[in-house]
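Common to both upcoming complexes is chain A, partnered first by chain B, then by chain C.
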Partner chain A sequence: MEYILEVNNVSKKYDTFALKDVSFKLPKGMIMGFIGENGAGKTTTIKIILDIIKTYEGNIKIFGQDKNTELNKDIGVVLDDAFFPEILTPKDIDIIMQDIYENWDSKLYNDYLNKFNLQNKPIKTFSKGMRKKLEIITALSHHPKLLILDEPTSGLDPVGRSEIIDIFQDFIQNEDCSILFSTHITTDLEHIADYITFINNGEIVLSKTSDEILNNFGIVKCSEKEFKKVDKKDYLKYRLNACDYELLVENKKDFKKKYDFKIIDKITLDELMVMMIKGE
Partner chain B sequence: MLGFIKKELLMIKGNFKSIWLILIIYLLIGIFNKMDVSFILPFICTVIMISTFSYDNLNSWDAYAFTLPNGRKNLVKSKYLVTILTILFFSILSIPLSILITHLNNLPVNYLEILVTLFGAIFGTLFIISIMYPIIYKLGIEKARITIFVIIFGIAIVGAILIQFVNFEFIPNIISTLSNYLIPILIIILILSVLISYFISLKIVSKKEY
Partner chain C sequence: MEIIISNDSKIPIYEQIKEQIKSKIITNDLKEGNILPSIRTLAKDLRCSVITTKNAYEELEKEGYIKSMPGKGFFVCEINKDLAKEEQLNKIEVLLDKAIDIAKINGITKKEIKEIIDILYEEDK
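What follows is the complex of A and B.
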């Protein structure tokens, strides 16, 4: 399999937080959802990939090459809280980007501006959602091969989120392109992400295909008596609710074969996150 | 690189209303005080450029710029180039304005004085900027403002103390001895200070993390 992005054993220490041995691989033509609670290390990882943070241990390959600034021309970026100064207008960004990216597509950019009804006014007059849309279409308009998006849908209403998700799906139609999409709004990912990488407290907890997670993982609901019968190695985490136990299992079918429990639910990414973080 | 230069120019353009206001105030000061204020104009460039740093900081432009092709290098290069261009533009603009003010005040026009004053202003402005920019890149605009204020205040205090205790009569003698070489020496000092400042800023930004 050809990988567009390879993050290998990346570590970075701060006084109060550390990324520990972060590794994952994003294949060509795929969308990877990068999930985790606030402060889990998503933005730090993305900043390391994008060279905003320079000192770290480990190795990062983009398009099969060791990370270097020359590769930036084929990467589209949306950062959580960094963009053009708000005194500028969308038209200014068009003028500027024509001389920054060789592949800048002014027509595509202006089509997007019209589609999202973004007028040529200083960015400071835009709502948070409009700014986010402008950041996203700016990231898309030089035909990048890799999109790296840090919380791209935060601040967007459900309609805006749906419009943006549609654009990402169009973008991925080109099988040479990939998206790394960090978010804590996991419902955005369930329909579009091919891979899910889950980071918690600076460590990668799992990195698998969405199908593997959504089809195999499950939530078992049982009584205390039933819970005591379950072998510890047959579940990943458990939680005690008001009157029952919830168990996160990695393979629903195997669990069903071994134990005769009635309630084994399909898992959502939200439930997975909560169980992984809050479960024991 | 050109894109980064355009970004700086468009930001200055976005601030044009306040620049016009400064120009009008500057003209009025000159007319009402019956004095040549051409030296002020290059210094206004410092204010204009510092405001671009503030806007950059407000929207974390530097972090975004790092993700663009050759972002770190172009970020610094464009800031220095546009600063020099802006100072030159305002310096050239201040020549006709100085002549106009002198005419409006019914005073004889002394071209040599205008040019010497202007050269002094350009020298002073670029020298200040050479000190300021690496501090801004190292500390960020907010902390740099305080640091620069402390440095300038410190220099003023030291200067005031020195004037009390040291006899500076030797300075005119040195200047007259060097008179033939004064301008070239100042130009060399200026170019060196800008170049050293640029390379220090580049080194700071090449290691900067957000």
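What follows is the complex of A and C.
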């Protein structure tokens, strides 16, 4: 498989927080959702990939090459905490970007503006959703091969989020293009992400295809008596609730074969996150 | 191509896609030589991941329903309709077997079961 982005054993220490040995790979033509709690290390990892944070241990390869500034022209970026000055209009951005990117596609940019109904007014008059869309179409309009977005859907309403998901699926119609996007709104990812990488407390807990997670992982609900019968190696985490035990299992079918428990539910990414973080 | 996916179902999405395409082939809705939408187009149309549609197509290919032509796409194969129908009949048999088990345990007669089938069959029309 050809990878568009490889993060190998990346570590970075801060006083109160550390990234520990972070590794994952994003194949060509795929969407990867990067999930985790606020403060788990998503933004730090993204800033390292983008060379905004420059000192770290480990190695990052983009398009198969060691990271270097030459590659930036093929990367589209949307960060959570950066934006254009509020007095600018979409037309101003068009002019500025023509100078910055040699492959800036003014026509594509204007097509997107029309499609999303973004009028040529100062950005300060834009709603949060309109600003986010403007950022994303700006990131797309120099024909990047890799799109990296930090929380692109946070703060948007469901309709706005769904429009953005559409843009993502349009983008990967070209099978040379990939997307890495971080979010804590996992429902956005559940269906369209090909891979899910889950970071917790600076460490990668899991990086798998979303089909593998959604089709195989499950939540077993059982009584204390039943729980005591279960071999420790047959579940990843467990939680004791007021009325029942919940077990996170990696393969519903295997578990069902071995134990004759009644309730094995399919899992959502939200439940997976909660079980991984709160479970024992 | 009409495919209806339930996100609520216990059946994995790739399997839902696979079964629906299969039944279109069996019922001649999709004919030999018809081209299927690309993996990426279908993923976008169904709002699912590329890997999901890829899995569905790969399984259909393995089972001989479709064939990939590199650079061109996926095409419907000539299938043995009898064999395909046989497969579906087997599935029905398994399900009916369960129903009959329940009937026998509870003293329900063959006639009563047939009546249920008649009613259900008409309802679906």
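Miscellaneous remarks
The rule we apply is simple: the second predicted complex is superposed on the first by the 280 of 280 C-alpha atoms of A that agree within 3 Å, B and C clash if a C-alpha of one lies under 4 Å from a C-alpha of the other, contacts with A are read in each partner's own complex, and residues count from 1 in each chain.
Basically, contacts are C-beta pairs under 8 Å (C-beta built on N, C-alpha and C of every residue); 3 or more make two chains touch, one makes a residue touch a chain.
From a predicted model like this one, the values you see are computed outputs, not experimental measurements.
If you put the two complexes together on chain A, you find that chain B and chain C both fit without a clash. When the two complexes are overlaid on their common chain A, residue A:191 makes contact with chain C while staying clear of chain B. In the superposition on chain A, contact of A:92 is made with chain B only, not with chain C.
By the document's definition of touching, neither partner reaches A:155: not chain B, not chain C. After overlaying the two complexes on the shared chain, residue contacts for A:211 are found with chain C alone; chain B is out of touch.
Touch criterion met: A:170 reaches chain C, while chain B stays clear of it.
Between the Cα centres of chain B and chain C, as seen from that of chain A, there is an angle of 150°, stated in steps of 10. With both structures placed on the common chain, the touch criterion links A:58 to neither chain B nor chain C. Applying the stated contact rule after C-alpha superposition, one finds that A:73 touches chain B and leaves chain C untouched.
The gap separating chain B from chain C in the superposed three-chain model is 28 Å, by closest C-alpha atoms. For the contact definition in use here, the chain B contact set and the chain C contact set of chain A share no residue. Chain A meets chain B in the complex at residues 47, 50-55, 69-70, 72-73, 75, 77, 79, 81-88, 92, 95-101, 122-123. Put simply, chain C touches chain A in their complex at residues 7, 10, 12-14, 40-41, 43-44, 47-52, 55.
For chain B in complex with chain A, the residues that touch the partner chain are 1-4, 6-7, 10-11, 14-15, 52, 55-56, 58-64, 66-72, 207, 209-210. The touching residues of chain A, when paired with chain C in their complex, are 29-31, 165, 169-170, 172-173, 175, 190-195, 209-211, 214-215, 266.
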